[in-house]
Amino acid sequence: MKHWLITGFEPFDGSHVNPSAQIVTALSQSIFPEHFHGLILPVNAKTAPAILVENLQQIRPQAVLCLGEAAGRTAISIERVAINLMDFRIPDNAGEQVTDQPIAPDGPTAYFSRLPVRKIRDGLLAEGVPAELSYSAGAYLCNQVFYTLMHFLATHNMDIPAGFIHVPSLPEQAARRTSLTPSMSMELQIEAIRKVIEIVETENP
Amino acid sequence: MKHWLITGFEPFDGSHVNPSAQIVTALSQSIFPEHFHGLILPVNAKTAPAILVENLQQIRPQAVLCLGEAAGRTAISIERVAINLMDFRIPDNAGEQVTDQPIAPDGPTAYFSRLPVRKIRDGLLAEGVPAELSYSAGAYLCNQVFYTLMHFLATHNMDIPAGFIHVPSLPEQAARRTSLTPSMSMELQIEAIRKVIEIVETENP
Amino acid sequence: MKHWLITGFEPFDGSHVNPSAQIVTALSQSIFPEHFHGLILPVNAKTAPAILVENLQQIRPQAVLCLGEAAGRTAISIERVAINLMDFRIPDNAGEQVTDQPIAPDGPTAYFSRLPVRKIRDGLLAEGVPAELSYSAGAYLCNQVFYTLMHFLATHNMDIPAGFIHVPSLPEQAARRTSLTPSMSMELQIEAIRKVIEIVETENP
Amino acid sequence: MKHWLITGFEPFDGSHVNPSAQIVTALSQSIFPEHFHGLILPVNAKTAPAILVENLQQIRPQAVLCLGEAAGRTAISIERVAINLMDFRIPDNAGEQVTDQPIAPDGPTAYFSRLPVRKIRDGLLAEGVPAELSYSAGAYLCNQVFYTLMHFLATHNMDIPAGFIHVPSLPEQAARRTSLTPSMSMELQIEAIRKVIEIVETENP
């Protein structure tokens, strides 16, 4: 099995939890500890990319999966493309709201995921997990981390499977919001990400 | 504890399962068997009301909760009102599609739920279960069964707590559909309905 | 042609306009003035019903159509049923937010519309106007006025066509909102309500 | 004023009209004919890019705006990015359904729009036209034409304003669909695109 770096985000936008962080914590406590490096990133446009890059350099993982929460989505969203754009809908946790700025001024417009996205989607659906391919990871921290990851790999000759997946909100988060939000249980989210790892291992032996 | 009649529906509209039936089965296997009468109703406009009424007459329950699936809803939907109208969006499982017909030609236009609907909503939210009050149970079998229940109680002097709750689709159902559908795990749905029963018992001692 | 009373509402919930009021103004300026009584109701749970009843008594109309805005709807929504419940999601323009109160403590649970609702829906669709039948007018002012109308007619032996229609927001309202809202142009809304009047006249000669 | 090439698409997916084509026809009949080249593209993955490129070569426009219909959107959607991916949700009008193929095998992953996208969004909102910035033009013909346009300009040293805008369905289309679809009148769509042209002219004198 590969050495994996799997990242999530701390809570943001008034929420007290973030399912992406809970998945990372759950996986690090329950599975293959010797192969697993978990990392909770801050929702901070300045520090999150630096922390990610530092971990990529130190850990030299053989596979990377970054996770983030997408409130309003009903399914595990396998992101296909990261774009070189920051256009924050809300401020980050440091209060900064970046608009119409590139992530890497000299970087390309976009990167495609290096995960077997369709195999992942089909594999999740076959297990009864709601899943979809997504053409946009937005233009907030999730896309920024996704782009930073792919740009680092491309500019450092790291030819490894890597990508980004958005997960729905948790039921307890939906219950605290005034407008109706779809949700997915933590049990199913963990099962889904375990299945993702299994598919990537099978496709990239 | 009261003697409860709790009903669900068989699968319909091309689905192979119905969460409302699974809840009834799960509750009947796990909790208070001596107080619990579970009933799976057919999605059949002719037979479903007759079977419900027959069970009401034989069992003489002290509380009734009818359940149905509402594909597309994100939360446990506590229905407030049943209307005297059948206006089926799709045929029932017998192939009948009734349009603009009353359920009870001499019955009143509508009945309100006899459940403590707001207490149920607030109690579920407090437990972290997505929940909402709903002003419409539609005009399909769910509303028909809800109206039939309330009309029977009103015309037979049965002053007991009774009502209808719509539950979301299951993740495995959402995974089979071509368009994105919100879902809720069976574990959380069962927890929600157990909590509903507890609240009704507390409010109607 | 019948003597019509057609009502709309003043703006509410932070909006500067209300399409239902604009329709009333437009119709009163352009068509059949001798047959048309237009009325703009306040978004005030105390005064709106009283003003409506006063106008019903004075004008003694031969047909009544009440209109209201339903932000978030995409189509002309022909309401089928008014329920005896006030459960305001937001305060009215006087700052009052009524919860779980009946409109008429001694009134029935609900009234059906007295308009030919399906003929109206089909007639609008045939003209290329997005239209739908709706089973719930909510539990705010719109439902309150709708219920008040039907209750007055029922208790005063006025056997006339009467009902409620929800219209979408205007494009200019959608453009001012932070979240995406469907809208319909005022031209099409006016055309739709003219068509509704024509259908009611044909069906109730 | 610049020489403009403005393109729309023929109808597809069972619809009998396409608002993007109607806009092109309306503009070509009503405004600045000497500056305007209108083009209706087929919904055909093979021929549409070839026809676009042929027109770009022959006309040598000074500004290009490609338009397409996005059923389900409520607002004028100014697309920010075209991706090098064909992943058709439905077959094109020739019956071909391409999956997971690049548009230009040697082209970059993506291109950003060369239109002043935020100025356009803000300008439309200021006029009361619902408008939004979009991070994804999908992976069907619209994105294919958008990418083909940007790739041609980039590889032919044509430094001109160019981009893609998605428009909502028309009310008459929404009225023919079984599920509720948001729509926008042709009058407002034409006004919006005229405003877009005006903003581009102002920003790129």
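Note that the chains take the letters A, B, C and D in the order they are written out, and that residue 1 is the start of every chain.
What we mean here is this: contacts are C-beta pairs under 8 Å (C-beta built on N, C-alpha and C of every residue); 3 or more make two chains touch, one makes a residue touch a chain.
All values derive from a computational prediction rather than experimental measurement.
A.B. asks: If each step moves to a chain the current one touches, what is the fewest number of steps from subunit B to subunit D?
C.D. replies: 2
A.B. asks: Which chains sit in contact with both members of the pair subunit A and subunit D?
C.D. replies: Intersection of subunit A and subunit D contact lists gives nothing.
A.B. asks: For subunit B versus subunit C, which are copies of one sequence, does the interface use mostly the same residue numbers on each side, meaning over half shared, or is it different?
C.D. replies: Same, since most residue numbers here occur in both copies.
A.B. asks: When the C-alpha atoms of subunit A and subunit C are each averaged to a single point, how far apart are the two points in Å?
C.D. replies: Centre separation, subunit A to subunit C: 47 Å.
A.B. asks: Can you work out the whole-Å distance between the CA centroids of subunit B and subunit C?
C.D. replies: 31
A.B. asks: Give, as an integer number of Å, the spacing between the C-alpha centres of subunit D and subunit C.
C.D. replies: Taking the average C-alpha coordinate of subunit C and of subunit D, the gap between them is 38 Å.
A.B. asks: What whole-number Å value describes the gap between the mean CA coordinates of subunit A and subunit B?
C.D. replies: A distance of 38 Å separates the two centres.
A.B. asks: Make each chain a node and each touching pair an edge, then name the shape: line, ring, star, complete, other.
C.D. replies: ring
A.B. asks: Strictly by the criterion at the top, what is the full list of touching chain pairs?
C.D. replies: The list of touching pairs comes to A-B, A-D, B-C, C-D.
A.B. asks: Tell me, which parts of subunit D touch subunit A in their complex?
C.D. replies: The touching residues are 80-81, 83, 85, 87, 100, 108-112, 118, 133, 135-136, 138-139.
A.B. asks: Looking at the complex, which residues from subunit A come into contact with subunit B?
C.D. replies: Interface residues on the subunit A side: 73-75, 124-125, 127-132, 171-172, 174-176, 180-185, 187-188.
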